[in-house]
Amino acid sequence: MTGIALMGAGRMARVHAASIAEAGAHVATIYDPVDAAARALAATAGARVCASAAEAMGDSAADAIMIATSSDTHVTLLLEAVRTGKPILCEKPLASSFEEARGFVAEVGEEAARRIFLGFNRRFDRGHASLREAVKAGRIGRLEQLIITSRDPYPPPLEYIPRSGGLFRDMMIHDFDMARSIVGRDIVSVTAHGSSVVDPEIGRLGDVDTASVTMLADDGTIITILNSRRSAFGYDQRIEAFGALGMVLSDNPRQSGFRRFTAEDPGTDAPILEFFMERYGPSYTAEIRSFIACASEGREMPVNAVDGLMAIWLAEAATISLKEGRTVRLTRPEDGF
Amino acid sequence: MTGIALMGAGRMARVHAASIAEAGAHVATIYDPVDAAARALAATAGARVCASAAEAMGDSAADAIMIATSSDTHVTLLLEAVRTGKPILCEKPLASSFEEARGFVAEVGEEAARRIFLGFNRRFDRGHASLREAVKAGRIGRLEQLIITSRDPYPPPLEYIPRSGGLFRDMMIHDFDMARSIVGRDIVSVTAHGSSVVDPEIGRLGDVDTASVTMLADDGTIITILNSRRSAFGYDQRIEAFGALGMVLSDNPRQSGFRRFTAEDPGTDAPILEFFMERYGPSYTAEIRSFIACASEGREMPVNAVDGLMAIWLAEAATISLKEGRTVRLTRPEDGF
Amino acid sequence: MTGIALMGAGRMARVHAASIAEAGAHVATIYDPVDAAARALAATAGARVCASAAEAMGDSAADAIMIATSSDTHVTLLLEAVRTGKPILCEKPLASSFEEARGFVAEVGEEAARRIFLGFNRRFDRGHASLREAVKAGRIGRLEQLIITSRDPYPPPLEYIPRSGGLFRDMMIHDFDMARSIVGRDIVSVTAHGSSVVDPEIGRLGDVDTASVTMLADDGTIITILNSRRSAFGYDQRIEAFGALGMVLSDNPRQSGFRRFTAEDPGTDAPILEFFMERYGPSYTAEIRSFIACASEGREMPVNAVDGLMAIWLAEAATISLKEGRTVRLTRPEDGF
Amino acid sequence: MTGIALMGAGRMARVHAASIAEAGAHVATIYDPVDAAARALAATAGARVCASAAEAMGDSAADAIMIATSSDTHVTLLLEAVRTGKPILCEKPLASSFEEARGFVAEVGEEAARRIFLGFNRRFDRGHASLREAVKAGRIGRLEQLIITSRDPYPPPLEYIPRSGGLFRDMMIHDFDMARSIVGRDIVSVTAHGSSVVDPEIGRLGDVDTASVTMLADDGTIITILNSRRSAFGYDQRIEAFGALGMVLSDNPRQSGFRRFTAEDPGTDAPILEFFMERYGPSYTAEIRSFIACASEGREMPVNAVDGLMAIWLAEAATISLKEGRTVRLTRPEDGF
C-alpha cells in the first residue's frame, strides 16, 4: 500500500483523499497552511499533520507526493518535491503564469518535468479516453477536424473573474490540453474570438464568457474549441473528432436511461449531468489510480509538467490573439509570441 | 408502361393511383359502383371509366388489376380477376371473414393464391424491411423473441367499432402478417389478453382497445404483439427482434433531426410521425413498385393471398382466445380451432 | 452513526458492507457459519465476529440487522431478528418457497412484515425510479400497458439450474416486484410462456431460458414481462410504461457518451453495461441509504416482506401457468391457485 | 393554377419541374440554349419550348419565372425577368462573382431585389427551419453561439475545382446564408482557416477541402462554420444554436428508425442520408410551394436577391481572410473589404 504526502486540505485535496482510499492507497502525511483544515482532513483520512511541506514530503511513510494547493504555490512546492526524488502528482495548472511555468520547466529540465504527473483529469474521462484511443488507433483514419465544446452550467462569482487569469487560462486550459493529447502534433497557430454575452459585467472586468478558438496543427488539422460560462441544460462537455474514415464523438452522458414521450415532449431524455464533480468524478479516481500505478512501477507519467507548460502556452497565445485581434503563430514556448 | 385496371375510387384507390404514377405505370380503366367517384379519379389519372368490374378488368389496355374496394367485395372481385389470368394486387384484408378467406383459397387453389399480391404495405416500410432482412441474413443468429408494438394515435369513431370485426381482425392483422414474415415458422399457439382502458364505450360495444397477444412458433420462438387504439405522442410502430447474437429494432422515425435542450427538456426530439399516411406513405409506393416489377417479370408475389388467409386465421384465433380465456392451439387453417 | 449486525459474509454481504461504509454507517457485528469468511470481512469492515446469529443481532453496538445469507436461511434468521425489535433488512427472496414465505408472513403478521425492508434493489435504480415516480405523479395519465424486459448477458452454470427454483422464482422475481411497485393494483391473472431456445440443456433440466408472462391488473392494465438468460450485447434491463397521456421508458444506460460514425457503423453507441453489479451497483448503495434512513427515523419500509411474499406468489403462479398451459386466476396469496 | 416560365432544362430545372407539378402548378414555357434538353423536359412537363428567354418569359401563359440555368447567366436573365414585372425565382448563387452581384442589386435597387426569390433551399429543410423558428421564438433566449457543420460525402471531380470559385463561394455559401437567416444581425468580422487534408491535389489547385470560418455578429454572437469536402458516413449537415436558455440542434436525419445491437455494435443506427437530393429533396418542394404562394398572394419573398448578395459578400470576405491570414472586418457590401 502506497503512502501519500498530501499538500493541501481544501476541496481538491479532499477529492483526492477519497480517490486515494478507493485506489487502495492511503494518505500518510498532510500539510496545509490552514492548520484546522489539515487537522480535519487528517482525522478522516487517518493521516499525520505536518508543520511544513518539507516535513510532510520527507516523511518516510510517504512514498509519493500530491500537490493540491492553490495555483500560486505549485511551482514552489514542485521544486521542493522534485528534490525528494519521490513520484509527484500536481494539480493543474502547472503554474500561475506562462512565464513561471516556462521558468520551472527550464529549471528542472524537460526530463524531470515529464516525470511529474499533471492533474488534467479529463484525460481519464471514459468517453473522452475512448475517443482519443479511437483516433490513435486509426479508427477514423487521418484526423482532419477536432471540435471541443466545453460549457459550464453557470458562471463563477464575479469576484473570482479578476483573479482567474481570464477564461482561456482558467477554463479553456483543459481543452487546450485535450486538443494536444488527441491531435498529437505541434500547434502552429491560434486565433481567438470572444464576447461577454452571458454577463456584460464579465466584459467590464476585462474578460469574456463566450469564446471560440481556432488552432492549426502542423499537418493542417483544424481544431475548434467552443467555451461558454453558462449552459442552461447542464454541464455541456463534448468532443467531435472527424477524419478520413469517419467521426467519433464523446457526447454528454445522461443521469440514466430515462425517457418520456408525451404530446408536448415527444421523446425527452434524462438530464445531462449537472457539473464537473458529477461528470468527471470517476475521472479523478481513474487519474489517481493511473498515478499510483505509474509511480509504483516507475513508469513515465502519461500527462506531465511539459503538457502543463504547453497548455499554459496555448492559453497565453489565445489571450494575446483576442486582445490584439490577430492570429498568433507559434514555434516553441521558448520563443515567445 | 403498364396499364392498370383499378377497382375502386375511394381513399385507398386514390393513394394507389398516385403510387402508380410515381412508379411510371398508369391507370388504364377504373370501376367503382359510385360512378361520380370513378369519374373524378379517372379525370385526374387519365383513365377510362367502365360500367362494370368485368369490363374494366377485361380491357386490353389493362395489363394488371388492382382491387381497392371495400373488404366485403374482395373475394367476388378476386374470383373475377383470377379468370382474366392477369396479375392481381388486392388490398388487405383478403376477405371479410376467416371462413370466406379459407373458402376462397380452397376454391382457387394455393398455387393461384400465391400469385395474388396482397397489400400488406408495412412489409415495404424501410425500417421494418431492414429488420426482417437482418433476421433472415442471420445477423442476430437464431431468433428467440419478437416484440411488435403497434399503437394508433387515436381510436376510430365509435360507430366504426361494431363493423370493424374487432381489434384483432381490423388492426392487429398487420402485426400478425408482420410476425409471420419475420419469424418464417409455423405458429402453434395464440393467447390473447385485452382491455378497454382507452374508452370503456369500446368495451360496451364488445371490443377491446388495448391488447396483448403471445404466440409460440414451432421452434419455441416467443412472439409478443402489443396494440393500443391511442398513443398521445403519435403513431407508435416499433418492432424488436432478439436473437442469440443480438437484437435489431425498427424504431419510430422522426419528422426531422431537430432536438432541443433546455433546463426543463434536457434533450427532446422532433415529433414522431403522426399517423399511417405520414409513416407508411413511402411503403405504399414501394409496394406498388414491387407489384409492377413482379407482374412484368412474371415473378411470384412476395406477399400473397395465402399470407392474407394466415393473418385472418391468427386474428380469428386471438378473438377466440380472448373470448374463451384460453390458449388456442393451431395446426392448419383447414383444421379450425 | 448506525451500527449494523450483518448476517452472512459472502458476496452480497460484502457488497452491503461497502454500501454501509459509503452510507456513513458501520458494520458492528458479523455472523457467518463459515468462520473464515466472517473473519475476512470483519477485518476489512472493522467489525466483531460473533459465534451465533443471536449474539450478533443482540449486540448493543448493533442498531439494525441485515440478512445476506443463503435464501434457505432467511426465514429462520428473520424470526430471530424480529424478536430483537431492531430494524431489519433482508436480501431477496424472502423465503425459499411460496409456502415458506406465506407461513412466515402469517406467523409474524402483516404489520410486522411491512416493517422488514426487503432487498429488491432495482427499485432504487435511478432510471426505474424515475419511471415509477412519473407514473405515480400522473405524468402519463392512467397506466394502460407495462412492458418489462430483463435479459442477463449469459446463463448461469448448468449445475445451478436445478437448485435455482426455475427462471420465474430465480430471475423474473425482480420483475414481478417491479411490476407490482409500478402498477400499484392487484394482479388478477398470470399467463406464462417459455422456451429453452438459448440452451436446450436447460430445457432438459426442466427449466426455460426464455419466457414471457402476461398479467392483468384488476383495472385492466396489461403487464408483459420478457426474460432471457442471454443477451449478446450486455445486460438488457428496460421498462416501458404506456398510458393515456404518453409513455415513459427506463432504457439501458451506456458506459459513456462515446459514439462512432463510419461507413460501416453509421452511428454506434458506447456499450451497454455488462451485468448487474455494473448496472445496479449504485442501486445497492441507494437501497442501504434508504434502509438506514427509514430505520433511524422509524419510518415504514418502502419495500418490505409483504412485497417479498407477493413476488414469490406471482412467480409460483407463473410456474403453474407454464406447466399446465393455462391462465392462472389470482385472488389472495392465502387462497392458493 | 400558376403557369411557370422555366429558364434552363438541366438537372436543377428538372428537379424544379417535378416540384412545380407536386405544388399543383405547371410549366408553361421552357427556354434552354441546348434545344434538345429543352424539348425533352417540355415533353414530360407538357410545356411549350421557346426560341429565346424573352419569348418564354413574355408568354401570357406564364405567370411567374424560374431561372435554373448556369450561374454565369443568372444576372443577364434576371435583368430580363425584372422587366416583365412577373414574380421571379432564381437558383443560387445570385451571380458568378461578388462584383457582379453587387452591381446587379445596385442596378435594380434593393426594393426590387427583395422581391426576387433566391433558391437557398436549405432554409426550407424541416429540421433547419424548426431550429430557426425556435431561435426566432426565443425558445433558447438570446443566441450566443451558432455552429454549422456541413460536410459532403465526397469531393467533386478535380476538374471542377478551378471553376468552382473555391470552397467558400461554392459550398459554404449555403452556410453563410443559413447563418444570416438564423442570427438576424449584421456580421462584423470574418476569419477563415483552411487545409487540403482530404486531397492534396485540391490544395495544388489553389483551393481548400476542409475549412473553418468564425464570424462575429454586431451583438457579440459567435458563429462557427465547419466544412469538409468528404464525409465517410454520409452527408453531414448539422446546426447547433446555443443561447441563454438552452440549445437547439438540427441533427442528421436517418433513413429509418432501424438499429442493431450486437456484441461488436452495441447500438448502431440506420444510415445517415447519402447526399443532398436525399436529404434536401423535400426542401426543394417546400421552396417551390413557398415561392408560388408568395407569388400568387403578392407577398415579399422570404429569401431574396439581397440575401444572395450578402452570402456572396461573406464568401468573398472568407476568401480574402484565408489568403491574407487575417480577420476581415465588415461594414456594408458597398464598402468593400
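Before moving on, here are some points about what is shown:
For clarity, chains are labelled A, B, C and D in written order, and residue numbers in each chain start from 1.
Operating definition for what follows: contacts are C-beta pairs under 8 Å (C-beta built on N, C-alpha and C of every residue); 3 or more make two chains touch, one makes a residue touch a chain.
What you see is a predicted model; the values in this text were computed from it and never measured.
Of all chains, the one whose Cα centroid sits at the greatest distance from that of chain B is A. More inter-chain C-beta contacts link the pair A-C than the other of A-B and A-C.
Distance from the chain A centre to the chain C centre is 41 Å, each centre being the mean of its Cα atoms.
A straight line joining the Cα centres of chain A and chain B is 58 Å long.
Each of residues 140, 232-233, 245-247, 254, 261-263, 265, 270 in chain D touches at least two other chains.
Within the complex formed with chain C, the chain B residues making contact are 140-142, 144-145, 147, 151, 191, 193-198, 210-212, 214, 216, 219-222, 224, 226, 228, 230-233, 236, 242, 244-247, 325-327.
Taken together, the chain A residues at the contact with chain C in this complex read 125-127, 130-131, 134, 139-140, 238, 245-263, 265, 270. By the touch criterion given at the top, residues 232-234, 254, 261-263, 265-272 of chain D touch chain C in their complex.
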